[in-house]
Every structure is written in C-alpha cells, then in structure tokens.
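Here come two complexes built around subunit A, the first alongside subunit B, the second alongside subunit C.
Moving on, here comes the complex of A and B:
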C-alpha cells in the first residue's frame, strides 16, 4: 500500500519532505507549534512524549533542519495572505490533514424547489425517503428504553462499559442508538446529565481495521495522522488518568468488519473501557446475533460482556405503523395499499428500508398515472418491479438457438441425472433437438458462443470456453422455468 | 460519372459511421427510458437520492440508453448546472482504490489537482465521505454511473458500494447510483447490508424485437439514407452535445456527426428504393432469419451490416441479396473445419487415428504412443506414408497440440504435465466426429488411401 501511496508524491519535489514527515515521523505535533503556538496543540503535545524521537535524536535533528524551511514558510505565508496566494496541492493536503480546511461540495446554482410548490404526492414521497429519520422511531420504544437506561447509567456512574446490539439490516439499530445519544446530548446541554463526548466509527467506512484509530483520533482533535501514531496517542489518552476527563461514548457500527485474524483492533476498542482511567462506553452494532461467539476470540468475547440487545425484524403491523407515521396525516396512500406493502415485506425480510422504498416507487407510479392517491394497483405494480424475478422474461427473450441450447442443457440433465453437464453432451442434445425442430444446426464454435452469451447473463453457469468441448455447464435457472417460458409462449 | 461515385462514397462513409459511432440513438425501450430519465431528473431537480440497476443481456443497448437519457437531459440547463456525472467502469477501476481516485478527480474535490490525487486510500475515502456529508440539499447532485456493476461486487468488503448506497440512503448530498450489468442475478452478489441499502429498483432491458418483421425493419432503418431535414435535426442534437464537450462525457467527443452529410434527393430515393426491394426479397429474408435465430441483439446485426457495407464497391454500388447470404454463410461456417483443412496429410492422418481410438474406446484419453502405433499400422500398408520417421510424427503431434485440436488431460497446472514425458502425456480430442468427417470430405487432394482409412479403422 505504501508503494501506491508513494507514486504521486514522488513526482512533486517540494512536497516530498513534508509529507514524509507527516506520515512517518512521531513529532508532527511539535512542528506546527513552531509556526503558531496553539493551546490545544500544546496540551496534546505535553500529553504525549514519543519515545522513538528520544532514541533517534540525530535523525530527527537532521530531518528538522531539512524540513523546517518548506514546512514553516508556507504556513506563514498562508496565514498572512491566505486569500491572495493559491495553495500548492501539498500545502492544501497539509491543511486537510491538520483539519484546517473543511471539505466542501460544489453548490447548486439555483435554489432548491420550495416546499409550498410541491404536490401532496411529492411531499409524501419526500417523507417516505429512507434518509428522513423521524425524531422518535415508532415500534422501537422498548429498545430505546433499554439503550437509554444503559447509557445514562454509564454516564452517571462515570465508569465505562460495553454493549452489543445486533439485528438484521434495516431494523432500526443505528437510528435508535443515535436517537438515544441525541436525547442524552440534549439532556446534558440542559445540565441534567454530566457532559460527555460522542465518537462514532463505521467499519465499512474504513479501508482496513486499523484505520479505526485514525478516525477516532480525528474526531477527537480533527487531525489526520498515521494509525500507529493515532494508536499510541489514544492509548495515552485512555490509559493515563487525567483529572476532569469527561465520559466518552464510542459507537462502533459494522463490528464484524473490524475483526481481522489478529483481532487487535477489536481487542483494543473493548479493552480500553476496562481501564479505570478511560471513562469509555462502547456501543457495538453488528448484524449476526452470535458474532461474539462465532468470530471473536475468547478474551475479546469476555470483554464484550453480556449486555446485549437484539432487534427483531419488523412484523407487518409494525411496518404498517412505520409507514403511516412517515405519511403523517397525508391522504396520499390508501390504507390497504400500505397494508399490502407491509405484509409482503414482512414476509420476506422485515426490512424497513425495503418497505419505504417500495412505497416511494408506488408514489412514482401513481405520479406517472397522474392520480393523486396511491391505490392497491400501484402498489402491486411496484411490488412486482422491486421483488423482481426476470428469469422467465429473459428466457422468453432469448434468440431461438439460445432457447434450443437451454432446452438441450435441461434435457441433458434429465438424461444423465447429474446437475453438471459437459458441453459435448449438450451439443449432442442440441443436434437432436435441432433436427427435431427443423432448424439448421449451429457449428460447435457458434454453439460455444451461445453458451458464453447465456453464461454472461447467468442463465447457465459455464467455464471458460478454452476447454472447448469439455467445459462444464450448470443450469442456473430451474428446468421448470425453461419449460414454463417456452411452452406458454408456444400456446399463444 | 464521378458525381455519382462521389455520392456513393459519401453514402458508404455515412452508413459506416452511423453504425459505429452513433452512441446516443436508442430504438424502442420507451418505458424504460422514461423511467431512468425521470429518476435522474428528480435527482437533479428535487435533490432526491436514488439507486437503480440496469440489467440486460450484452448488446441490448444498456449504455446507449444511459447516453440517450443524458443527451436528453443535457439540453436542460437546470440539469447541467446542478449535477456532476461520475463515470466508473468495473473493467478499468479494478479495485476501490482506483475507483476512489477517479471519483475524486471527476468530482474535482480539493485533494485532487490536475488529475492527480493526494493522500492514501484511507484518506481519500474519509475525505470523500466528509465531502458528501458536508453537502446537504444545497449541494450539487452527483450521478454515479457504474458500468460492469458485477465487477464492483468483487471488491474487498464492497466498501465502495456500501458507502455509495449508504450516502444515497442518508441525509447527505443528493446522489444517484446507476449500476449497469448483464448479470441477471447481480443482486445476489451484494452483501446483505449493501443489499438492504440498495433501493431494489431494477430496470430490465431485453431486446424486444419479438418478431422477425421488427428485425427486418431495424435492418432497413440502419441501411437507409435519411432525408436532409431529419439529418439536420439530428445534427442539432449532436451539436448541443458538443457544447458540453469539455464535460467528462465520454461519448461526446468522437460522436457521429450527421451535419457533415447531405444527400442528393434523387440518389437517396434510388438507394432507399433499391434497398427496400432487396430486403423484401426471399433470399434476404431468409438470411435475416438465420441471423435472427442466432442472436437477436442490435449489436450483432450492426456488426453484420458493417461488413456488408464495407463490401460495397463503386462497380456494384448496391447491396444485393447474394452478398447478404454469402456473408451470412461465412458466419455459419465452422472455423475448426477450416483449420483441419489447412493441416498436412500426416497431421490429418494422426487426427483420423485419434478419431478411431476415440470411437473404439469411447473417447478415452490417448497419448502419442497409442496414436503412433495406430498410425504405423496404417503407414505400413499404405503406399504414401511408409517412410515417415517417428520424430516427424511427434512434431506433427505437437502441432496438433499447439493448435489446440487436442488438449492435455491434466489441464490447469503445468507442473504435473512436466513430469510426464511428452510421448506419454495423456490427451483428449477437442473435435466432434462430424467435424473430422467434414474436413476429410472438404480436404483438397487427399490421398484415397487416407479417405478410405477414415471410413473404417479396419485395415
């Protein structure tokens, strides 16, 4: 990975030294101090005195002497005339790493559409978007109470601890936890609760488990440092007692991604709460209920503790309640339409996202039909679209020889009784069927092409056509689907 | 008549260019097209976040549909000003690191300068997510086009897909994730949390030319010359594209430009009339039928027509049904038989020996010794093959192997085959008996002995 990082940098001569320092050296925090003394930075610096730099004094001083010039001059220049002189990319990068440049997106040229000009259906569609999380989640009151009691207790007691929350995707885990934390933050703002810090990481937003240290440290100070450095700084912070340390709540989403073979990251994240100096409360979220037993080491499971909570999939009643709560008093949906969505989704997965997406698609369908209210028919169409099975459709739309090829694979499976067929056997069947139907027989080379086409569509699973007559072919659709698709067409 | 010749050359160039470089004209699929168009429009105007998968067999016009929709929308100034388009391709962006760099460049984020991205992979991801998070409803919409979507599913942890879908399902900058793939079961490749975040909108594109008539009509449309007025309107459309050339539109650059062509009306009418007459004839219909039976996609037809147009000469300036059927016969032909006909008599003798062995032992594998013994038995009694040395036969055997007419049994690792001496390595035959028979019949000046031997293994 270092190699890949290195390539763009190497071409830029000026930045070379600076960036190396930021990445590798232990003393990045001391360098900016030279330019402009900042209190917060100094605190951090006093907190952390790297051992490495003491050992490597000569190298450090040498590096400093080479690096001070490029490192300090631009910072002086930018503070003085930040607007006038455009920054070089490496200066910009330095600012980004120091957290002094907030990332931004390009803005629209026109203003967004006003709410008052939107139709009822459009408003309903916006309300139904998954991103519009309601202030209080319906049907998750018990879980809310549970997590609230846990976190409030931990914050009041100033002790630290762990919790494991699990459940299948789309059952309101993250929304509930962040809802609890928002409530607690409001309380602490009103001084009804001791103040606490809130950090949040997501395993899937990291490129590798160790980047968790970088992200946590970044949320504490805003700086981006290497993971080794971030790790030692965090270790320092959590293991050494410091007066007036506030409680820290750390939310870890997608815990299973943070587990690697060594499990050092998960171990550290769950070990810090056991230290009395760190008032750290860790809430971990994952999908599988038995993750601690299945994947984690014994010592990690032990540290995770037994405070656990499982989010059950939504039942059809709950899904219905969720959708009607989103709609508010709007009349855009018929009652039975919502019920149909809820029942269909609850039977498959109990995923709230799925229900909301289907409802949104139904509003779109009603919109194109220029009706003001979503009825059962629209919902049925949306359901058919989104719980799609297009295999029969695909077989019907194959060319004639492709259809014959599929029939031949099915025939060969029935003949041999084994699921796996070879191309040679299938080709013999093609010969037979083609003779029977009066179609000209494709040469084996062309039949290989048919096979590759069907394999690309995944109607069959086939090997690379290099092994020619001996490649193995599996049927990826059921033989009944083939018969259904081809027979029903014949009758018409 | 040099004028007619000129006109003809122009027509040929026009047809070729239209077949190859017309990236934005889509035929049919009106419902799917309006579906995608409305989705993109809502993303741009309302700031809605969406995700969609476009699924269909290869050559069905998936990319053309997107290009066509984008061309429609690029006329709309509100769309152009408020959206960024990010193209990603699973074949080019083989891992998330490359994809992320490309996104950073195409979105012109602050850590990119002149197409060069600074920082590590982890930093890039964090920066992109921060950017998207910082933008709300006021930020520009971003349309992510992921071609060969199924290849993105093979990336480590599906980090990129998770994050894109996650942004589309949370209150951040409005984005639209548009995946394009030919795999019908692509949803099964998604991890469950990625699948949950995907909105399950799928648009299926199947070439709908259910009947041969539509196929023939398409063929006629692709070959006929349009009227000058329709050329002009098409040219206007393309010009509106070229206004946006500087944008990262991959298809805007070398697009087919109809403005360069105008046709003499007499010539055009003559051409179209001749064409319609030819296509209505029986042999042409039959040719189309065979093509249609094999592959119904437009891409395949275009390939065929390009070869047809390329064959046109000044001496015979019209496409004839004979040309069509001759070309189709080339498609029908068997390349392996051609290859067999190019072998020497000795190599063909070995193939026949292999065939006899396979027939007797029901396609059991063979090695050089077995085949050489069988061949020697024939050579001893034949008049032409008597003095052939073993080393020459071995060389011929190796030729067959390099031509992949026979394949080694232990496919895969080459180490295992290295241990066995090459005379004793087991092989299997990659030919059908029918192909060998055809080759023996078609072989030029085959000695009668060999032809007779091929009929029966008894000597």
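Moving on, here comes the complex of A and C:
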C-alpha cells in the first residue's frame, strides 16, 4: 500500500486519508469536508489535541448521558449540547482557539474518601506531598522580603524592570515568587496597592521559544493565535502608550530554555520593560547563577540588569524545619528520623523535594510494617532505596563468567596503567584467570557476547562488537567495587 | 476601583518620599535629554540635514557597546519635529522579525505599501518601486542589524545597496554592537565608495559623563541631595572603569537607593520601638523629626552594592562556609587536590570519582555512588565554579575548574577538614 500511496495519482487524496485516520475512532465525521484542511494545527497548544476534543463530541456525550446517570456526565458535554446543532471538528477547533470552550477533564464516578477516615500516617503522607505548597514558606523570609520589596516598588512606581532569580533545583524559587505575587494580589484587592496583571510562562512547557508569545497573548486575551501574530500584537500593546495601562508582572520560569542561537525571544522579553509605555516587570528564574554571563549576549545581559537574587541550598536545620512545618503537630514522625533525613539530604544537594520524597517513602515503609510511627530504621531503609548504589549488587548477581570478565578488565587496567583496554588484552587476562580458577574459558565469540551484556548493563563501556578483537573497553564501575563485591561474595 | 483609574496621576495616595522619587527617576526607560551625547547628536543631526539639503542618499553604521545610548539618540532624533515634515521615518528592530528575509515584509507594512504577491521578492520589488518614486525622503533605522547577518548576507547587501539605487532618496542607519560589522560582514561594499556606509562609534561613557547623567536625572525630580557627590564619583568611577554601560550605572544607583530605603525603614522600626517607651508629646515630636530628615546615601552603602555586583570572589568564602553541601565541598576539594598534584589536568568524571571515594573512605564519610556523584557535579556547575564538557558517557565527561585555582584553594583551606584533605596526596592513588 505504501507503493500505491507514493504514486502521484493517489497522492491527491492523501489529505482525505489522513483526515479519516485521525477521526476514525469516533466515527463522527458526517459532513464531507470541502477545500483544504486547516493548516494551523501546528500552532496549537498541547492541551488541545484534536483527539481529546473529539472525544467529547455532542453525539457521543448525548449517547452517554442517556445511558448513564446524569450526575456523571462531563460538564463539557452539557455546554457543548447547549449549542443547537452538533459541531463539526473545525467548528470545535475554532471555538477552542477563541477560548470559548474551557478544557475540562472527566470526573471520577465515585467520590473521594473522606479525610476523617484516614489514618494519621496517611494524613502525614498527604501533607508531605511535594505539591502541597504551604501558605508561607519556612526559611525563605529574607528572599521573600527581597522579591516583595522589588515588586512592590515597581508596581508603586509604575515603571518597568527586570529581576533574575537563580538557585539549584528544589530551593523554593518558584514557590517564593508566586507566594509574593499572591500577597501582592491580595493587597491590590484591598486597594492598598495599584492593581496589576500577572502573566506566567515556563520555558519547559513550550515546544519552541517563540511559542512564548502565544502563551503570553493567550493569558492576556484567552485567544490562541499564531506566534507571528501574537508577537506583533504584543509589540503593539507594549510599545504604544495607552492611558489606564496597568502594570503587568511577567514571570518567566526556566529562562535558559528560551535561549536559542538568535536569542530574539529573550531579547524581546527583556527589551519591552525598557519601553516606558509598557509598565512591564519581568521576573526570570533559572538554575545557573552565571547564566547571563555564560549564555546570553552582551546586549541581553545589559538589559537584564544587576538586580539578582540567589537561593542557596537548604541547610540541614532548614530542611528539618520545613519537614516539621509540613507535619504540623502530627506525631507520625520521630524527631531523630526527620533529623537524619535532613542531614543526609543537606549533605548532598539541599533539595527540599528530595527530603519530602524520602519522608513519604519512609511513611510507606512504616505503613507496610503496620506501625503507626516512622522510626529511624524506616528512614534508613528509605534512604538506602533512594540514595541507591546498586552497582555492587549488580556485580554480585552477574554470572560466573561475567564476573571473571570484569575481574579481567580490572586486572588489565592495573597491568597497563591506562583506563582504556582492548578486548584482546582483556581476553588474555580472562584466559589467565580461568586457568587459575580451573574453569573452562569461553570462546572469543561468546566472550564478545558477555562483553555486550555487560555493556548494556552499563557496568562497562564498550564499543560496537563489529571490530571484535580490537574494540575498546572501559570500566564503568570502580575497580574497588569489583573486588569488594567478589570478595564479600566468597566469604559467604 | 474604576473611578480613580481615570486619573492615574492622583492614584498613588501615600505621599512619596525622596527615596521613592529617586528610585523612580533612575529607571532605564527612554528619556528626553541625553547628557554626555551632545557630540554624537550633533553629528547625527548634521548628517541628516546635509543629506536632506542635497537630497542625496546616504548610509550610516552606528556601533558601540550595549548601554551607550545608540538607540536613545536615534529615537530622540526620530521624534524631532524638525525632521518630521521633510522625512518619512521608519524604525525597525531586527530582533522582532520572524526571519531574516521577513524584514522586507515588515518594511512594507511600515510604509503601507501594497505588494503584488506574497513572496519575499514581491515585497522587495514593492519597496524598490517605492524608493524610486517616493515624494519624501526616507529615514530607515534598523536596530540590532547584526541579526540580519547570514552566511550569504543577501539581505544585508540588498539593504545597503538601496542608497545607490538610481533615483532613490533614502537615509539608512544601522545600529549594532560590533565595531567592524560592515568590514567583516560586508566586504564587497568597500569596492564602491558610494556604497560604503559612514561609520560612527559611540564610546563607552566616561566617569564624568555618568556623573552628569545622574545629576540631570536626579535634578529632574529634585532629589539631588539623596546622592552626595562623593558617592556619585565612586559609582561612576567603578562603572566607567568596567563597562561604561549606563544601564548598569542606573541599576546600581537604584539598588543603592533601595537598600538605603530598606535600612532607613529598619531604623524607623527600631526608633518606633524606642518611641513607645517614651511619653506622649516627646514621642510625637521626635517622630515628626525623624520622618522629615532625609539621610543621603553613604559611601559604604555604594561600596557594598558595588562589591556585591562586581566582586564575585568575595562571596566565595562565605558561600563555602555557609551554604555548600558537604559532599559538594568534598568533591571540590578532591578536584583541587588533583589539579595541584597531578601533571595531567585532563580530569574525567570517573577519575575524579575514584579520588573522591578514597577521600571519603579515609575520612569515614559515606561516599556517593557514581550516578549520584554526576548529579552533584552538575549542581556545582550551576554555581559557575566548574564546567563540564559532555562526552558520550557520564564517566567520560571532562571537569574543568572555572575559578582561579589559588583562589579556591585559599577559600577552602580555612577549614580544618578541608585543609587536611588538600594536603593528603596519598588519596590520589599513585
């Protein structure tokens, strides 16, 4: 059939074939399509894949609503059926792009469990989830002050500006910034501060840097347009002075993803605040401390300015405070258990997400042990699981010949002194060790297969086995690990 | 909420103090007067008027470091009523176009031309037709013109050839950062003298110019007394010595004001606490007195901000002291140990890990696994201390120290544990 598709005569109907394949599952295409299918699908946001919208077609939902209880029908279905006639897919897409249909998810059929029926350990586990952001972040008061003073000043002064916030992952950057903005929004609701708009983009949620324009415009008006159009509309908005323009705060998360070679998107985002008509305040967040100097062009760095803030990794005391604040007054955790988690995590990365994850895992372990309190032992087990080093186990679980092979690689490294060995030298060592141990040695072809297995497990780094005897082999575990694993194994 | 918005000037109800006024006036937005750029403005004006009088085309290339006032000068001239009647003015920022070829389309839109088709070529033809038969002279300013640079330079050559088009009356101004863009990218223009753009360089601001800018800005809002002359001199001397970028200077000035305000607010809080202890009338009087006095910013405050901004290494010691996870410290120590004692500076992640493990086992600290260790090195990289050159396998990544070795060594050797590691060459495993 591929051949048939390739012929020029058939290719005329290709567009129809594609159309039918996309919508075949839901057999709803009733109106024959005239003209070309809409080309602008590629501009769409990920949330609006045509398939998802098609699943909730009026015909289908109507059928559903008659078959099942009315309480379980999706809310979207009712809004869609309120239109007189069933919509064609293109009508639906048009409505989605205009922002007239809000995307909804299917509701679950049964109710969630009540809080009162949950055990204390379960409640602690829910409180420890990373997604439960507390109302005020512990141990970030100074940073909160700093960002608050900057944003409050900018909003009161009615002028634009930029700020760069950096820090390693899990140190509370985004949570602090959104917390500041929530506080400011509350103040402006009480008329203690001029009103302002808040927009937010995340570099990682964009397929392409230029999609940032689409997202920003969508948050301003709710409409989805192509990026060229969005960019020119935004340019018009920010460069032409308009009375009653309110200050706009734009939060740009993951700034380093938006940097392409031309850096035009970053330039524009940071150039708009310099226009006096814009009243735009841009807060940028990234991990790298020296990103402006390392990655950005001189003119972009100059526009980014020198207002910077670095979030340091949490110390063990701060991590302890964070976890105890999450737990509230709950007795589910022993104090020393929390301290152990905090100390272990603070020594490696100072990442709060990690501390919370380990605590959650510890509650799960305590749950399976059917005790009501998480003790030091549970935490130790969780730490061993999550700060895992499974290499020694992997070596112990290798077959006898694989172990000999690993020993041979290590021996060859010590003999030659260079880290990189060839298969030939290793095979000679295999021969020696095998003779020493009194086992029969495999033929080189089979040894290559051993080599490939170990390479796939990433215990060694090996080339493709095409150039067999001369392929290069690198050890991916340390030689000490091999000796340790094999010697301890012998004793048992 | 709706009603007061109609008069935005009266909306901010609390009276603004001088700090806030100073902070507002030190923004880096567009301004009307540009002290320190009188010469350049005069030269530009003279260029425009001479070409206007002779009705001949001309091109100009303006270069200079970021923040030296290139765009500010040209947008000031574009707003000038003296030129508005005799010139049709177009300003295009080349970063805001979709692709290099789309600049014609943008220009058509700005000139309100109607091309015959939708291709790039149609747009170009429409522009050229317009250039030949235009009634008024055209002033085309292309900001950030280095964005138009490609390997073949077709667009840049086409644009710079417009002034030589028969019958065309166009004044073309290109703005960019690099001094020699026209020589480097547009060598063929040198062959014909009428095509070669006139060059104009914007030098970085000198110390005196930055002082002038600050004075004029502060005088605009009548808050000149916030900055004593000594502090201005210090600020301007530092900024002009490093970059001469006025955006930076204004930024630092604003931060100084912000910090002074913060400190004053803290002082007031303390004062209020004290005032509570005092009795009625005295307290009120003292409070009024406190509110009225304006503390000018101190030299120490300016120096503190400058150090924080420009002195990267000063932060190093306290960083390592306070907020540096232990394993990262050990990793850095191992790296410095290797760099100081081995001839081969080509350090792979695997080799570093081996040494690090030996260091850890000797100190009785649980060492991290290789996968975890790679993550730790990544985290240190975000601080800019290291750079990782990626290879096929994580074990083969190369680790380079970015900071000065002696500096890191000096900073690390304070602590007892670390100092003992740095002298422990036995861990290298030779």
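Methods note: the second predicted complex is superposed on the first by the 406 of 492 C-alpha atoms of A that agree within 3 Å, B and C clash if a C-alpha of one lies under 4 Å from a C-alpha of the other, contacts with A are read in each partner's own complex, and residues count from 1 in each chain.
Definition applied: contacts are C-beta pairs under 8 Å (C-beta built on N, C-alpha and C of every residue); 3 or more make two chains touch, one makes a residue touch a chain.
Values in this document were obtained by computation on a predicted structure and should not be read as measured data.
Asker: Could you classify subunit B and subunit C on subunit A, in the superposed arrangement, as clash or fit?
Answerer: In the arrangement built by aligning on subunit A, the partners subunit C and subunit B fit side by side.
Asker: In the overlaid three-chain picture, which partner chain does A:104 touch, first (subunit B) or second (subunit C), both, or neither?
Answerer: Once the two structures are laid over each other on A, A:104 reaches subunit B alone.
Asker: May I ask you to decide whether A:368 touches subunit B, subunit C, both, or neither, giving the answer as first, second, both or neither?
Answerer: first
Asker: Taking the superposition as given, does A:320 touch the first partner, subunit B, the second, subunit C, both, or neither?
Answerer: A:320 sits against neither subunit B nor subunit C.
Asker: State whether subunit B or subunit C is in contact with more residues of subunit A in the superposed arrangement.
Answerer: Comparing touch counts on subunit A for subunit B and subunit C gives B.
Asker: Which of the two partners, first being subunit B and second being subunit C, lies in contact with A:294: first, second, both, or neither?
Answerer: The second partner, subunit C, only.
Asker: Quick check on the superposed pair: does A:122 touch subunit B, subunit C, both, or neither? Answer first, second, both or neither.
Answerer: It touches subunit B, and subunit C stays clear.
Asker: After lining up the shared chain so the two structures overlap, which partner does A:350 touch, if you call subunit B first and subunit C second: first, second, both or neither?
Answerer: Touch status of A:350: second partner only.
Asker: Identify the partner contact of A:176: answer first if only subunit B is touched, second if only subunit C is, both if each is, neither if none is.
Answerer: Touch partners of A:176: none, neither subunit B nor subunit C.
Asker: A:284 contacts which: subunit B (first), subunit C (second), both, neither?
Answerer: Neither partner.
Asker: Identify the partner contact of A:168: answer first if only subunit B is touched, second if only subunit C is, both if each is, neither if none is.
Answerer: both
Asker: With the superposition applied, I'd like the minimum CA-CA separation between subunit B and subunit C in Å.
Answerer: Subunit B and subunit C, overlaid via chain A, are at closest 5 Å apart by C-alpha.
Asker: Shared contact residues on subunit A, subunit B side and subunit C side combined as an intersection?
Answerer: On subunit A, the residues that contact subunit B in one structure and subunit C in the other are 168, 287, 349, 387-388, 390-391, 476.
Asker: In the complex, go through subunit A and note every residue touching subunit B.
Answerer: 1, 4-5, 8-9, 11, 89-90, 92-93, 96-97, 101-110, 112-113, 122, 125-126, 129-133, 168-170, 204-208, 211, 214-215, 218, 224, 254, 257, 287, 349, 351, 353-354, 357-358, 360-361, 364, 368, 385-388, 390-391, 393-394, 397-402, 424, 427, 439-440, 442-446, 450, 453, 456-459, 467-470, 476
Asker: With touch defined as at the start, can you tell me which subunit C residues reach subunit A in the complex?
Answerer: My answer: residues 1, 5-6, 8, 11-12, 20, 23-24, 27-30, 65-67, 93, 95-96, 98, 144, 147, 177, 245, 247-248, 251-252, 255, 258, 262, 309, 319, 322-327, 350-351, 353-354, 357, 368-370, 372, 375-376, 379, 381-384, 393, 395-396.
Asker: Contact residues on subunit A for subunit C in the complex?
Answerer: Those in contact with subunit C are residues 149-150, 153, 156-161, 166, 168, 191, 194-195, 228, 231, 235, 243-244, 262, 264, 267-268, 271, 274-276, 287-290, 293-294, 298-299, 301-303, 305-307, 312-313, 315, 346-350, 387-391, 419, 461, 474, 476-478, 480.
Asker: Name, in rising order, each residue of subunit B that touches subunit A in their complex.
Answerer: 34, 38, 45-49, 55, 57-58, 78, 81-82, 84, 96-97, 107-111, 113, 116-123, 125-127, 129-132, 134-135, 137-140, 157, 159, 162-163, 166, 169-173, 182-185, 192-193, 195-197, 199-202, 204, 206-208, 210, 290, 292-296, 331-337, 404, 407, 411, 428, 430-432, 435
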